[in-house]
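Listed below are the structures to be examined.
Each of the next two complexes has chain A plus one more chain, namely chain B in the first and chain C in the second.
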Partner chain A sequence: MEKERESIEYNFEQCIKCTVCTVYCPVVAVNPDYPGPKQAGPDGERYRLKNPLFYDEALDMCLNCKRCEVACPSGVRVGDIIQNARLKYGTKKPRLRDFMLASTDLMGSVATVVAPVANASLSLKPVKAVMDCTLGVDKHRTFPKYSSQKFVTWFRKHARKAQDAFPKKVSYFHGCYANYNFPQLAKDFVTVMNAVGYGVNLLEDEKCCGVALISNGFKKRATKQAQTNLAALREAVGRGEPVLTTSSTCTFTIRDEYAHILGLDNSDVRDSVMLAVRFLFNLVDSGKVKLVFREDFRRKIAYHTPCHMEKLGWGIYPVSLLKMIPGVDLTVLDSNCCGIAGTYGFKKEHYADSQKIGEPLFNQIKSLAPDVVATDCETCKWQIEMSTGYPVANPVSILAEALDIEATMKANA
Partner chain B sequence: MKFDTIIIGGGLAGLTAGISLVNKGQKTLIVSSGQSALHFFSGSFELLSSSDNPFDAMKSLPVSHPYSKIGKDNILRLAGSAVPFFKSAGVTLSGESSHKRVTPMGFLKNAWLTSDGLLTVPADGTLPWKKAAVVNISGFLDFHSPFVCAGLEKCGLECREFAVTLPELEKLRHNPTEMRSTNIAKTLTGEVLDKFAAEIERVSAGCDVVILPAVVGIQDESECKRLCSLVSRPVKMVATFPPSVPGIRIQVQLKRQFCAAGGTFMLGDTVTEGVFEGGLLKGIYTRNHGDTLLTADNFVIASGSFFSHGLVAERNRVYEPVFGLDVLASDERGEWFATDIFENQPYMSFGLSVDNEFRPSLGGVTIGNLRAVGSVLGGFNPLKEGCGAGVAILTAMRVAELIS
Partner chain C sequence: MVQEYDVIVIGGGITGAGVARDASMRGLKTLLVERHDLTDGATGRNHGLLHSGARYAVTDSESASECIRENMILRRIASHCVEQTDGLFITLPEDDLGYQATFIESCRKAGINAFAIDPKEAIRLEPSVNKSLIGAVRVPDGAVDPFRLTIANVVDAQLHGADVLTYKQVTSILKDDSGRVTGIGVTDLHTKQQTKYYSKIVINAAGIWGHGIAQMAGAQVNMFPAKGALLIFGHRVNNMVLNRCRKPADADILVPGDTICLIGTTSSRVPFEEVDNMNVTPQEVEVLMREGEKLAPSLASTRILRAYAGVRPLVAADNDPSGRSISRGIVCLDHETRDGIPGFITITGGKLMTYRLMAEWAVDLACKKLGVDRKCETAEVCLPGSSATPQEQPRVGTTIGQRAARGRHGERTSQISLSSDTDRSIVCECEEVSVGEVNYAIEKLGVTGLVDMRRRTRVGMGTCQGELCACRAAGLLAKADGCARKAISNVADFLNERWKGIRPIAWGETLCEAQFTSWIYEGVCGLNDSQEKRIQ
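Our next item is the complex of A and B:
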């Protein structure tokens, strides 16, 4: 019955100034120069409506983690108000660095071609020092490795044909990371879906979801890419296929940010776009699919809930799936932002805050000493691997390894 | 997704019910649409603070009051189990004997259970100390030493005011309006807390007790205990204006306990629809889980009052927004308010109409497997009677008994 307070324009009026959002803001906790979500969001909006000169460049310090929105007792879309204000009133021009960090498709396409060279040079100290000085990419940051073969290329060569054997189909929005950096995740996804009796289609034309473009101020390009993606999603959904994903941030961006930040109508496809873990859990929970696990699989796993997963409210799906594996000893880590927030933690001006924000999480992981950390977000993975030394895997990859693939295929034939 | 019990609302009432049920082995889910009113906690739970003798005064409450529905014997039994219940959840409360809490305005009010480390005054009004150092933090606007001193001086305590600071605390003043109790609490940990303790020790020389705003220990009680051990004089805290550090600590600790015992907590989600069939609630749909129906044998609604949107007032009606349950409220707007703001305001007693086992109704039909707890209930005035927390805790404990 509760009416959705969808209109962003006047949503700030729901704010009763209780300050709960500020209590849960990860940036405020480490950097008092950030005015906090209440001040930057609903409070500031009143002033900005009067005069855009009241815009405060400190809003660039917002991570867009949306923890303020999850905490708000009054349904105020605090994070959206801040992001919209940045795009509308921000006066700083995006830098070359921001362009490079945000252009995941362009950089990925180039880097995969010259992957060995790109990977080697991005880890060299002198290269890092130059990038630090000239571009403002912090030299302490470890870059994700690029793959020499894109997932899409592999899929067309080695997996495409086999999909025809499955009468039931899903579409896959792989995202930039699985395509350019870590095709193994996408391969694991195909393995798991095939094992439970679903064939995988790729989208007709997939672009980066645009999250990095939005956070770096490229609203026009983000909108264009979103429109291309929406057309591709509509086609898949029109065929009756749900569109599955393996990245919580891509999922959140397509489902929520397209409408709330870019102002695009995604209502016809929104409910069909979901993380593979949600789709799988619902199949198992309703008895439509059986998972058969290897008897020799043993892992001590610590699960980290990414901020955008908290916002989606879907942490229960990967956690429930991981709990189904008999040999798994699972701990759900305390809800704490890892600090990287996509491209945020790459920037020199944010690097120190980024590491400080993640510190409680890193400490908890170190004290648990798991075999592997599980999480649904690729940038959380980079941050945790770099800052703790522990390996991080997507729950889908862990499932692929834990499943007895042949037995699962038989059980679902 | 199937649970034994689903609770809508994750504040004091929802979490108390949730912990009671998981402790009994129930698979329990809490769906909470945002953080709770515990963030504005006074530091003490009240039973019936309008009376000096709450258990006696309860006998004369109307039959529609939640306490009357629980029943006198049950109240005594459940109230007696509250301290060990919270203790086992990692929340230390003192409530052995009747006492008063100190408000941020320096008033003394009857309390039932008070968060560990906070200053309480015994019923006879005498404190064991002569001289107190009331120590604020420079630039902190949500604690006013003169008010607190004025209140304590009435108890015969000679108060001296101090303000201390540290470089780490000075940084918080970059945004003076955002220098809140919670930001201070996040700063006052580890080595900074050691330095803070040394400052307190220095300024309070010659005093018998140190009184501080409650700005330490947001995650658990260990930092409060450490601070006390670092200062040679007793250290007592007084609640600040919101947000409330002791309240957030209780919220964090109860949620931690609920999850550790196997409960599932979904924060930031809202129930969009209830599926009713034959006088029973079969399942709920939520915004985040779309077409996934969440089903359970039993449901508890602990969605709070107007502040938490458990009740919504429009110009000419008051309604319960989750399911549209029947509400005890006047249709005549003119009857909602008393003209004197300090009078008993009728709208404060609005809330769900329930039977003696806390089952609400929808369109006059009692829902057999749904119970209501805490401030969404009608028939009591938490402000005037001083019983909001008591009703939350005791109705939640009672309903957990009725369910299992």
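Our next item is the complex of A and C:
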């Protein structure tokens, strides 16, 4: 076991310096001050092993999009090396802003209580200007709206009981966004799962997956939350329920970052955690489930593959599902990072790069002029909505709208 | 007009460099002559270990006390070449723990501050160490960069008026009618041009090749060529020097050096005919790996960059087949009294650690013969690069490259131009060498080709072994001397030289990378089409 751990530690030695990671890095493309994944990752690691003082603060520019890892032909975990170096050697202490951006649970719990006030003030110019100056949250950034009722509250009041009617069950890791900001996505998920004959359980205790904590340098808190989540996941998996999600980043974090960055053993639950679109596609593909679509549904859809979806290798699932809808005219957008990378694009120092990175994607969307952009990541959604003006929806929400729910229920009864 | 020197020093290794510095500091008009490049021989092919002397404490107390004295001097005068890592002598279950007491006792007698520490404390200090150790002794070992140290000595010699010639092979020792040595005849290895240089004294500091130089003068110095093979790993596994606490044996020292670490050495007798072409055998690699893993088990899963071997210039005293029981002591021969050859001195034996003392002895003798009454100051005056106090260190930027350059050149980093984007851009990505640093080496450090460049800047010493930097550095060389053809042939030579060291350990990622390198240079750059020489 020890030998194995050490060889993972030295994974950077597999790098043969082909530099393809740097070619695919979205940050390098817009900011020459970033050394690029090869130098920041495997090359820099040798120097950091020599002396931690060789840590370069420029690593802060990494988006953690993991495109370098997708590109690497040698299996080097370039992105992990950079993230780990930031956590281990980074000298800049996280700021109040980082704490606020990273504490999605805390901020969500507070903001949902005072949602109308929070939403109104976060969109006011003077408030934005103050946040820009004092916190370093860029004033050009539009904040996601908070919902006045959390999804879990709604679920307990209105949907919980109905789930008992289904003999087959799945568990749902809703994530912060679906809980605090956009419960409609979670409601759509329940609708679709119920339609194909599955009841939905919530996890016993769900915390934020921790992705924002990791990228803002709060490793301890991230680890604590991850341990709570893993316990809840184990319970659900122990009941024989797969744990489905509607956010590609939460999914990626639980499956990969828990092990690679936080060093937690998630091997017993990893394979059971997956995006709902993957679960649904496999059911349909194997003939276990039938989807019946509304005949009057017409949409021109452009699908954007989030970076972490590319890393998961799962872009094929939402695309295949959307293609099943008869009235859909689907374009899969070119593989590009949208630039927001979670909390990255909120920060004043990264805002300009963030928007520059997303430009090719925004331009392609604008030239296509779709009815709606589909994507599995909430932060991609904020970025695209803010930067293009086009509405963005999760494929699960589009399915919920396109399905003839009653007919589907009947077909799967 | 024939220029006459006070002293001609033969050999551009650390000993010759030290002699040239010492002689020029004492006001002697000095010429240093080297057959290839500086540090081309044993100086550039060893552990880079700043011995505390502990290794010799039990078997050779004289060498041990010399080592610890020089160790403390080098920490002071060559701070930019030295890493004060300290070292551990570990006892493994298969070793006799009883040896530890003898070892510590001998160290103390030699003046080496050695003390036993708890094995658990050893693991805390050096997590890479074999966790099954049953004993550990902490000693003031360290790492010293022999390239940097030699170049710094040569630079200082030049600052004191010495002339330095590289790629000039000594082909004859000139004598007058009375048999007194009066100079040397040299052949330029590039142009084949022959020249004579005259001096009052010739000092033979040519390491193992000093055997042949002495023969040219008509003297016999029986040297003992003992080959030592080493392996370089891709990164630092350990941050403290690791030794085995037992009688010196094969492959029992693991030294961290700059971005890498080294395991060595073996010891085997080789014939003189082979000293110019050392190859590491599979058996040697096997021994080094087997023993190295005992010191630090993670070496088993660490990438090996290169294998290389040097030849120890030991002076034969008896017929010991291993060469280990021979004293590493300094041998300074006055051929006037020994062989009746006035004007000729041989300085040999010794080791990297004691180069300064060797130089002092040789120059003391030369001064006596020349009637010069000047004290040696090399133990007090800091080398160029190590002269600044921490407050005086030049301010550098925050990039890894700028900080790495300061590590390599000390306060002389301030002479590296980093004013333009081009100057700041990177030539060698593994070792973070900038265009500015390469140009500095070309202009100020006597670089004639890529191999020289590597020794002065670490270009091509990193993980990729020249894959990305060879062509960039060659481009800068071509720009500097205006000859592209020469630069292209230089790239081929350089890559072949790199391949020589890769070949004995060409497996896994190292082989993948070598293959990738050959695609780039043969396939993309078409090096094969323009060159007879193949990158094999």
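Just so we're on the same page, the second predicted complex is superposed on the first by the 406 of 413 C-alpha atoms of A that agree within 3 Å, B and C clash if a C-alpha of one lies under 4 Å from a C-alpha of the other, contacts with A are read in each partner's own complex, and residues count from 1 in each chain.
Here is the rule we go by: a residue touches a chain if its C-beta (ideal position, glycine included) is under 8 Å from a C-beta of that chain, and two chains touch if they have at least 3 such contacts.
Keep in mind that what you see is a predicted model, and the values were worked out from it rather than measured.
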{"item": "Which of chain B and chain C A:Gln39 touches, first, second, both or neither", "value": "both"}
{"item": "Contacts of A:Thr379 with chain B and chain C, given as first, second, both or neither", "value": "neither"}
{"item": "Which superposed partner A:Asn282 touches (first chain B, second chain C, both, neither)", "value": "first"}
{"item": "Touching partner for A:Glu69 - first (chain B), second (chain C), both, neither", "value": "first"}
{"item": "Touching partner for A:Val23 - first (chain B), second (chain C), both, neither", "value": "first"}
{"item": "Partner chain(s) touched by A:Gly313 [first = chain B, second = chain C, both, neither]", "value": "first"}
{"item": "Chain B versus chain C, judged by how many residues of chain A each one touches", "value": "B"}
{"item": "Which superposed partner A:Ser387 touches (first chain B, second chain C, both, neither)", "value": "neither"}
{"item": "Which of chain B and chain C A:Asp56 touches, first, second, both or neither", "value": "second"}
{"item": "First, second, both or neither for A:Ser354, with chain B first and chain C second", "value": "neither"}
{"item": "Shared contact residues on chain A - chain B and chain C", "value": "16, 18-19, 35, 38-39, 74"}
{"item": "Interfacial residue positions of chain B with respect to chain A in the complex", "value": "1-2, 33-37, 39-40, 171-175, 177-178, 180, 182-183, 186, 242-243, 248, 259, 264, 266-273, 286-292, 307-309, 319, 321-324"}
{"item": "Contacting residues of chain A [partner chain C, same complex]", "value": "3, 6-7, 10, 12-19, 35, 38-39, 42-47, 49-50, 53-54, 56-58, 74"}
{"item": "Contacting residues of chain C [partner chain A, same complex]", "value": "234-236, 256, 258-259, 297-298, 300-303, 398-400, 403-404, 426, 429-430, 432, 462-464, 467-468, 509, 512-513, 516"}
{"item": "Residues of chain A touching chain B in the complex", "value": "1-2, 4, 16, 18-20, 22-24, 28-29, 32-36, 38-39, 69-75, 271, 278, 282, 285, 310-314, 316, 332"}
